[in-house]
Every structure is written in structure tokens, then in C-alpha cells.
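You will see chain A twice below: alongside chain B first, and alongside chain C after that.
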Partner chain A sequence: MSEDVFDTRELRLRITQLEYEGLSQSEYKQEVQRIYLEEKGEQIPGDIKIYSTSESNDIVESTGYVGTAIHIKDENSGLSEMYVVSEGSQTAADWEYNIKGIFGGQGASQAIGTEEFVEKAKSHFDVPDSTKVIGYSHSLAHNNNATAHLLYDTFNDIYSVNGAPLDYYQLYKEDEKFKKAVEKELSVNQQQIFDVSPKKLEKFAQEYYKDKADDIHQIRYENDPLYAVSGTRGFFDLGDIDTLQSNDNYSGLRYIMDQIPDEDAKELQALVVEFSELTKNGDMNNGVKGLTGINLELIDKLKEHKVTGYFTNQNELAQMVKDADEKVPRLLEQVKKVTSNSDFIFNQFVEAGYINSSQKDLLVSELTNIEKDLVDIERILSDWNSIRNSSSSYNQSDFSSILGSDIGAFLALRSKATSIIESLEILNRDDLLSVLEKIKGDHDITTVLNMLGLDNKSYVNGDMLLKTGKVIINMSAALRMYEKGQNILDDKKDEIKKLDSSVEREIRDSYQEEKRKIKRVIHNIEENPKAYSYLLYKDPFILNLNQEIISIEVLEEFETLKQENIDNYIKQLNESVAKARKYVNNYRNAIEELFKEEEKISNMFNLVEEEST
Partner chain B sequence: MEKKQPKETKQEALPDVEAFNDEYTRDFLLSGEEVMEGFYRFQSKTGKYEMAFPADGIIVEQAYRIKDSKSEEVSIGLHDERGFGMDIFFFSYYTPEDREGILRRFKSRLGYDGEFEEIEKLDKTIYFVPMEDDELKTYGAYIENKQNSGGLEVVYNIKCDNEDEQICEDYKEEDKAKALKWMDSFTFINDKGVESDE
Partner chain C sequence: MSRTEKTIQRREKLLSTTDLSNKKVILQKHTNNINDLDEDFFKMVQEVVVEEQEAEIIQKLEDKIVKMKKSNQLLLEDTDRKIAKMVRNLHEQVEDAKEQTLKITYEDPLSLETF
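So, the complex of A and B:
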């Protein structure tokens, strides 16, 4: 089979990135054309049509799958290719799926959604069966695309970047053929499979699916945080993987995570992600409420109004106590796992260059404080439950003790929750946040694009930068400016033409019209002098009735139209367009001169110019 | 509230079987009364369907997934003599119009080439697939709701590792009947009121 239209890593990665840009279908199409033009220096060789999951809501709502299909078709050459870009994790729901799902075999629904969407897109574009279907994905979406491919043979090829790996527990649940093979080989059922050694299952899965391995191609940055946390059981790699080495001072995030015991690493990651989702809008109270169940706003209401507050908010208070009772012990367990190893865990980060030792000390001491507060909260909850339980019913005498213990307990909870927030605020420092930003950034597609080791190309915000000598040009911006510049100048020229013609119409034409009108009147007067005899009687001194007018001769003189000013003005306008066009062209020439060895560059300018006309 | 009953107030009265002894599984079961021999009433956490749950089955917690009331995945490990396991995938948006695609995908997942056996019931249609050639027999069914949207892809795996092939062969009819009976136990809950209970 021939090469795909998108046949370079840069093209694939840039197209994959589009899925995150929130584009309309027409914008999507334009962006695909632009990226192809920038990378190849020529027009994309076919018509493009776009179809996205937003047109089939059922899939998104029920399976959570989000993606876009691009169909490239050319009748003459017989070209027909369909690209399906699946969207990686982005929303809070996706993260939840990441943590709860992917670290223990994720659900089947997104893989089913992937296959279903590809089928829908095929029939939407009405593509022939011979059409190649190529899947693109980043992050979680790789697991979707690859799982769908193993289950349903969805794609001809899959290209992914920083992807979440396949998971054999998940495949065991969904792929009945695989299940049969596992059972034959290892004699285990649904539950016993978790007792089989992960190494054994990994090897078995890789062997079982090896025929599909040729279709799966990945690029992975070694510091990708998703890769770092993918050492947990269940995951396995299939297909070729192009691993990009880190060239900065940070190294081996995956190594750190592999050092941390499985369970602790998961807890730490789950905690960080859950908390950062809950406090996305900067609301710490919300973070504490989400993690511990303690609702500070509600307690404050109680503090202000005491008894009435107590009665009117009875349901909410009961709910809060129930939530806290459920959440705190679990959270405490998670935090304890981290704190009991915190020296070791954070030392790994220090050694890898992510944080320094004083940052480490701060993290350890504040986490210890948080742990203490949580222990106190757990104790308050249990003391208080025992008071409530011993007062068997709400009879008159017990009631006041319940009320008292309730209010006392709420206020104690409040002070502990506030103390947790204080610790969190201490940790909420720019230097620590920038470490998190750095780690997060290492998951991004743009980071990978810039790690590809391309001679003279780099990327920023979806733009392509070209380097020659010491000069770096934002080529995307240059092309945009050239295209927009030409467009604006064309528009301006049109406007000037319009102005010129309306001057013609409104001033010159009406001058001539007025002149004609006057001439017509003069002609009338000269032809019919008698008709003007009444003028003689108007003069009181002319009393002789025998007098008459026999001829009138009008001596006319028309002033010429003073239009020099207008002509001049229009001339000036035309000159300004020519001058601006010269600037735009000079700019283009200068860039072409910088890259004179590359014919492609001047071709690009020609093509955007053609497109704009 | 009704759901909590089996584990909280009638603890002693609950049958001493694996399904009820496992805390995670117990939470899905509505009552200790058998609905058919060796099966108890299971209600989906989506509130959209019920089924008969095997006494010696345990829901595999690691494999359980739910997305609101839209979809649910339940894996059951079986501990009886020849039992193996069951898998249930529920999707609320499946409709008869999508049936062709649903059945095609289901076949692909099962690794099955043949036709489905269509069994009409009052409230549902069962598209049944018996795959009995392997040591691990697979009975699959797509169960379509007749009254509303919603469909279930269910699989019942039964293992026969008896060395005497004739014995396994003899079990065939019995196993198929057992699988069909289980599949027929699924009922969709079309009443919207169920959701608001939560």
C-alpha cells in the first residue's frame, strides 16, 4: 500500500494536537490544510471532509469517547484515506477514569465507542471498503484506539504519542478469544487472573497479540508523567516505540515511580490529581470538602446562628457527617502511605533534579501536619458518634447533650479543616507549582514535537518556527501575515475602485446632468421668445402694449468642475496600496532570501496567495 | 433504602452462599429469596435492569465499571464445580436502529462468524450465540429492550475440564439450557421513578 498523505512525525503530531483546539469543522479543515502546506510546501492532494463525535451525541454521553474523523479524497488519483483523531484525557471525568479505570483495567465503553464512531464516520463519508483508516491519539486515547483495534480490527495503522498503554486485565474482560487463550494456557477464571504473575500475563498478551503489533506505532518522551505512572500491573507495550531521551537536567520520572512501591505511587498520584481537580478554580474549601467531606461554609453558618442554624441545616449536617465518616479514614490511609515513605519518595525527586532538599523538607513537614490533623478529625468523629449512639433516642433530657456535642464537634472539625487548608496554602508556592507545571508539560504534544531533534524546525502554540543561521522565523505567522496582508490590500483596492466609481457617478455625472438641464432650458427660451412677453408687463414703466419680444439670446458660461482634489486623493490611496504591497512583498522576499536554498518556502507564499484570491 | 435491607437488617436471615458472604457483591442483591434455583435478585446500579445472580458468583471489584445510568460493566467469577464466569455490559443508548452494528461488534468480540438465534420474548428480544466447541464453552447474547432504548451484551462461560470428553458432551444440553434460563432472567426497568430514588 502506498504511503499515507500524512507521512512524517511532525504532520501526525500536529494533526493529533488539533483535537484539543476546540475547532469548528470548517476551522478544522483549514488547519489541516495549513499544517500540510507548512510542512510540505504544497497543497494537500485531495478534498477534505470532517466529521466529529459532536454529531453523534449518544456515543459521547454513554461511552465518553470524543474524536474527529478526517476524510481525504481525490477522484482523479483514486486517493481515499480516513484519519481518526481520538481525544485524550482532558476533563475531570477522564482523570477519574484514568485513576480508577486505567490502573486496573479500564472500562470497555470507550473502546466500543471508538469502533462505533469509526463505523459511523465511514458511512457518513460513504467511503469504499478499501479506504485506509488511520488512528491518531495522545494520552488516554491510545488505550482506546489500540484496544478497539485488538477487539475489532478498527484501523490499518495507529500512531500515538505519550499514550496510555494497553491493559491485559481490560482485554481479558472484553476479548472473549483472549480470555479463552488465557484460560487454556493458565487455567484461571475472572477472579483468579489477579493472582497470576504480571510478568507472565504481560508476556502472554504480547505473544497473543503479536500479529497486530506491526500496526501500532508510538512516540514516547521518557519523562512523560503518564509513562512514569504506567509501571503498574496490567499495562503492556505492543508495537514499535520511538523513545525520546530527555536532554535537560531532569531525568527518569519513570525510574522514580518504579522505585516507589506500587500502592504508594498510586495513592500519591490519585491524591495529587484529585486535589488539583477539586481546586481548579482556586477554591481550597472545595478541595477540603471533596477529600474529607467537611463543609466549612456549612459549619460557619452553624457558628453564626447556633440553634436555628442547627435545626434548619439538619439534613445537610447529617450528610456532612456521613461523608466525613466515609472519606476521612480512606484519605488518612492514603496520606499515611505517602508520609510513612515520604523521605524516600521525595528524595527520589530531589535526586532526579525536580526539587531541592529544602523543598523536600517543606513537603515532608506539611504532609506530616496534614496527617496529624486527619488523625484528630478521625478521633473527633468517632468520639462524637459514640455520644450520639449512647443517647439512644431524642428524648428531652438527651437532646441538649446531643445538641451540645454536635456543635462542639462541628467547631472542632472546623479548626482541624482550617489547619489543613493552612498547610495546603503553604505548599501552594510558585516554585513547587512550577515543578508540577514542568511535569505536566512533559506530557504535551508540543514538548514532543520539540524533542524530535529536527534540524531547523521547532513549534510553539501550533505554529511552526524555522531557523536559519541565528535567525528564527515564525513561518506560520509569516504566512498568516502575508495572506492576511494580501487580503487586506485587495480589499482596500476594491474599496478605492468603488470610491472612484461613486465619485464618477455622484459628482461628474450629476455635473453633466445639471449642465444638460440648463442647456435644455436655454434652448427652450431661445426657440420661443414670445412666450416670455409677459416679462414686458411686469415692468410698470413699460405701458405700450404694442411692444413684443422677438428674440432672446442667452450668453451662457459654465464653470468647469473642480475635481483635481478628488483625483489626487484617489491617486494617493492607490499609491498607499502599492506601497503596502511592496512592504508585504519585501517581507516575503526577505524570508525567501533567508531560506534561499529551500524552494518550498516561496512555493508556500504562492499557495497562500492563490488560496486567498 | 430498600437496597440496604439484605445486609443491614436481615443479616442472619441471609443465605450462606458466596454471593452474600462477599460484601461487595451483597450490595447489588435485593433479597435473600431465590428467584430461581440457586439464583438471587440482582439490581444494576444504573437502576435500568435486573437479573438472576448465581449463588456461587462474586462480582470482581477491579473489573466493575459504571458511568452514571448510561453504562455498566459487571464481571462475575463463578466458584461452582464447572462454572467459570459471566460478563455483562449494559448500554442505555443502544436502540433497534443500531442493532446491526451492535451485533457485528459483539460477534467480533466473541470471535464468532455465524448467525444469531433470535428469541422473541414479551419485553425483550434475545440474540443468542452458542459456542460449544472449546473446553471453555461460551454462550453469548445480545438482549434488546423492546419497550425503550437500552441493550445488554452478556456472556456466560462454562468450563468442562473433565478428561472424559463424553461427559462434557453430555453436559452440553444442560449447559445451554442453563445459559438460556439465565439470559431470560434479565428484565429492563422502564419506570423512570427508579432513578429518583437514588
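So, the complex of A and C:
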């Protein structure tokens, strides 16, 4: 089979990144064309059509899968290729799927959605079966694409970057044949599956699916946080993997996580992910409510209007106590797993250069404070429950004691929850957030693009930068300036024309209009002089009121509009457009001169020029 | 008895003052739009060079764009001033035109000829 149209790592990665840009279909198409032009110096060899899950909402709703299909077709050469770019973790639902689905080995709805979408896209584009289908994915999407491929043979090839690995527990649940093979070959049943050695299952899965391995190609940055937490049981690699080594001062995030016991790592990760999602709009109260069930706003209402607040919010209060009862013990268990090893866990981060020792001390001390507050909350809930259970609301004195204990318990809960927020706010410091930003950045596609070791190319915010000597040019911006800059100058020319005609209308025409209004009044006065008798009596020498107007003649005097000319300014504005056009061309020549060794640069400018005309 | 016709002349403002200040707003909307387009253009140009050292050709282009930006700004400021002046002139001339000389002929009973 011939080479794919997108045949370089840069092209694949840049197209994969598009899925995160929130583009309309026409913008998506333009971006695909732009990226191809920048990377290859030529037009994409076929017509492009785009189809996205936004057109088939049922898939998104029923499976949570989001993706875009790109069909490239050329009748003359017989080219027909379909690329499916699956979206990685974007929403809270995606992360929930990550935790429950992938990390928990439960469900594969997004992989099923992948297969459904590919079939829908094929039918939408009306492509023949011979059309090559290539999957692109980053993060969670690799698990979706690769799982779909193992289950349904969805793709010819899959190219992924920093992907969430395949999970043999997830496949055991979803792939009936694999399940039977596992049970037969390893002599286990469903209840015993978690007792099988992970190494044994991993090896078995890799052997079982080895025929599909040739279709799966991955690039992975060794400091990718997703890779770092993917050493837990369940995950396995399939296909070829190009691992990029770290070349900065940070290293071994995977090594750190491998040192941390599976369970603790999972708890730490689950806590971080859940809390980030709950507080992503900056609302700490929401974070505390989500994690502990304690609703601070509700308690505040109670504090302000003690008795009325208590009676009017009974249902919400009861729900809050129920939520807290359920959530706090689980959270406390998670936090304890982290705090009991916090010195060790965070020391690993210190040794790898992510944080310094005082930042580590701060993390350990605030996590310990949070644990202490959670223990207190658990005790308050337990004491409060025992008072409630030992009293009966039918008895007046019991009722008073319940009311008193309820209000007291709510206020105590409030104080503890506020203390947790204070600890979280301390942890929310810029220096610690920048560590998180750095770790998060190592998961990004652009980080990987810049680690590919390309001679004179680098990337920033979806743009391609080229280096020559000591000069770095943003080639994407240069082409934008050449193409869209000309459009802006066209718009400026139009606006100058509008200004010119507005001056004509608003000044010259307006004067004529005002003159017409005055003439209408003059005409009216001359036609109906008697209606204007009052004008006569405005004369101080006419004292009697019996005079009768016979006629009024207006001795019209209208001067020609004396206006300075704006033409000179219009001329200068037009000249500024001409100068800018000349400047853009000079810039193009300068860039071509700087990169004279590369013929494709000149070609790129010619092609964007052709497109814009 | 016969009546006497008399004629007087007086200057009268035939229409009340018109507020023409919106003309300035309408015209300066165009210069504002031109300014926005200039800003978009210059922003686009400034994104091109990420880093430059010892590249005379680029340095010249960068110097040129600074001058162009300044010159475009001054031109738009001058144009705005010109627009303001034109609207002021228009207002004055419209108000002048509203004042006209009226020749009023009337019969004056006080001038009855009595014998």
C-alpha cells in the first residue's frame, strides 16, 4: 500500500492537535491544508471533507466519544484515505471515564463509540471498503482507538502520542474471545482474574493481540505524566513505541510513580484529578462539597438564620449529612494512603527536581492538616448520629436536644471544612502550581513535537518556527501575514472608501438636506404669512395688535458650503495601504533570502497567494 | 378711510438649533475601524520574527514597521481632528443658513388717514 498523505511525525502530531482547537468544519479543513502546506511546501493532493461527532450527537451522548474524520480524495490518482482524529481527555466525564474505565478496568463505551463513529463517517463520505482508515490519538484517545481496533478491527493504522495504554482488564470485560482464551489458557474464572499475576496477564494479552501490533504506532515522552501513572496493573503496551528521552533537568516521573505503591499512586492521582475537575472554575467550596459532601453555603444560611434556616432547609441538610457520611470515610482513606507515605512520595519528587525540600515540607504538613480535619469531621458525624439515634423527635425535650446537636454539628463541620479550604489555598501557591503546569506540559503534543529533534524546526501554539543562523522565523505567522495581511489591507482600502463616501453623505449631502428643510419653512412662511403674525409683534416699534400681515417675503441667502477638503487625508490613507503591501512583499523577499537554500519557502508564499486570489 | 401698507425687514432664525454631533461619531467610526485593521496587521507582522540577532535584513524591516505604525497613528489622529473640524464648520454654516431676512408687509390701523 502506498504511503499515507500524512507521512511524517510532524504532520500526524499537528493534525492530532487540531482536535483540541474547537474548530468549525471549515476551519478544520483550512487548518489541515495550512499544516500540509507548511510541512510539505505544496498543496494537499486531493479534496478534503470533514465530518465530526457534532453531526452525530447520539454517539457523543451514548458513549462520550468525540472525534473528527477527514476524508482526502483525488479522483485522478484514485486516492481515498480517511483519518479519524479521536479527542483525548477534555471534560470531567472523560476523566471519570479515565478513572473508572481505564484505570479501573471498567467499561469501554468510548472505544465502542470510536467504532460507531468510524462506520458512520465511512457511510457519510460514501467511501469504498478499500479506503484506508487511519486513527490519530493523544492521551485517553489512544486507549479508545487501540481498544476499538482490537475489538472491531477499526483501523488500518493507529498513530498515537502520549497515550493512555490498553488495559487487559478492560479487554477481558469487553472482548468475549479474549476472555475465553484467558480463562482457558490461564485456568481462571471471572472471580480469580485479579489474582492472576499482572505480568502473566500482560504477556498473555500481548501475545493474544500480536497480529494487531504492527498497526499500532506510538510516540511517548518519558516524562509524560500519563505514562508515569501507567505502570499500575492492567496496562500493557502493544505495537511500536518511540520513547523520547527527557533532555531537561526533570527526569524520571515514571520512575517516581513506579516507586510509589500502586494503590497509593492511584489514590493520589484520583484525588488530584477529582479535585482539579471540581475546582476548575476556581470555586474551592465546590471542591470541598464534591470531596466531602459538606455544603458550606448551606451551613452559612443556617448560621445566619439559625432556627428558620434549620426548618426551611431540612431536605438539603439531610442530604448533606447523607453525602458527608458516604464521602468522608472514602476520602479519609484516600488521604491516609497518601499521608502515610507522604514523606517518601514527595521525596521522590524532590530527588527528580520537580520540587524543593521546603515545598515538600509544606505539602506534607498541609496534607497532614487535611487528614486531621477529616478525622475530626468523621468524629463529628459519628457523635451527631449517635445523639440522633438515641433520641425521639416525638418528645419535646428530645427534639430540643436534636435541634441543638444538629446546629452544633453543622457549625463544627463548617469550621473543619473551612480549615480544609485554608490548607488547599496554601497548596494553591504559584510555585506549586507551576510544578503542576510543567508536569501537565509534558503531556502536551507540542512538547513532543519539540522533542522530535528536527533540524531547524520547532513549534509553538500550533505554529511552525524555522531557524536559520541566529534568526528564528514563525513561518506560520509569515504565511498568515502574507495571505491574511493582504486581506486586512483590502479591508482597510474598503474602509477608507467608506470614510470618503461618508464624508460626502454626512457633510456635503447633510448641508443640502438642512438647506432643503430651511427652504420648506421659507415656502411655508411665504404661502401662509398670516400664520406668522407673531413675527410682526416681535418688532419693538409695533405696539398695536391690530396690524394685519399682508405678505412675507424671505430674502433667501444661502452660502455655498465652505469646507476644507478631506481628499488629502484619503489620499494619504490610501498611500499607507500601498506602503503596507510593499512592506509585506519585502518581508516575503527577506524571508526567502534568509532561507534561500529551501526552495519550498518560496513555493509556500506562491501557493498562499494563489489561494487568496 | 383707507389703510396704509407698511413694510418692515427683520432677521429671523427660522429653525431651532440642530445637534450634528452624531456626524462626528459616524465618521470617526470609520477611522476607528481603520485603526483596528492597522492593529491586526501590525500584530500579524510582529508575530513573524521570534528571535533575531545580527540579521540586518530583518532589523531593517522591524525598524520600518515601527515607523509605519507611528506614521499611521499620526495620520489617523490628524484625520480625526479634520473630521471634528468639518463637523464644527457644518454646524456653524447650517445655523447661519437658518437665519434669514424677512420682508414683512402689513396693514397698520394706526396710520389711518383722518380728515
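Please note the rule applied: the second predicted complex is superposed on the first by the 513 of 613 C-alpha atoms of A that agree within 3 Å, B and C clash if a C-alpha of one lies under 4 Å from a C-alpha of the other, contacts with A are read in each partner's own complex, and residues count from 1 in each chain.
Quick note on the criterion: contacts are C-beta pairs under 8 Å (C-beta built on N, C-alpha and C of every residue); 3 or more make two chains touch, one makes a residue touch a chain.
Remember, it's a predicted structure, so these values are computed and weren't measured experimentally.
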Partner, of chain C and chain B, that touches more residues belonging to chain A: C
First (chain B), second (chain C), both or neither touched by A:21: neither
Partner chain in contact with A:437 - chain B first, chain C second, else both or neither: neither
Partner chain(s) touched by A:214 [first = chain B, second = chain C, both, neither]: neither
Touched partner set for A:191, first chain B, second chain C, both or neither: first
Which of chain B and chain C A:179 touches, first, second, both or neither: first
Of all residues in chain A, those that touch chain C in their complex: 460, 463, 465, 469-474, 477-478, 480-481, 484-485, 488-489, 491-492, 495-496, 498-499, 502-503, 506-507, 510-511, 514-515, 517-518, 521-522, 525, 529, 535-536, 538-539, 542, 544, 546-559, 561-564, 566, 569, 572-573, 576, 579-580, 583, 586-587, 590-591, 593-594
Chain C residues within the chain A interface of the complex: 5-6, 8-10, 12, 14-15, 18, 20, 23, 26-27, 30-31, 33-34, 37-38, 40-41, 44-45, 47-55, 57-58, 61, 64-65, 68, 71-72, 75, 78-79, 82-83, 85-87, 89-90, 93-94, 96-98, 100-110
Parts of chain B lying in touch with chain A, wherever the complex brings them together: 58, 60, 62-63, 65, 67, 70-71, 73, 75-78, 84-85, 87, 89, 91-93, 101, 105, 108-111, 134-136, 138, 140, 155, 157, 159, 161
Residues of chain A defined as touching chain B within the complex: 58-59, 61-64, 101, 104-109, 112, 115-116, 119, 151-153, 169, 173-177, 179-180, 183-184, 187, 189-192, 194
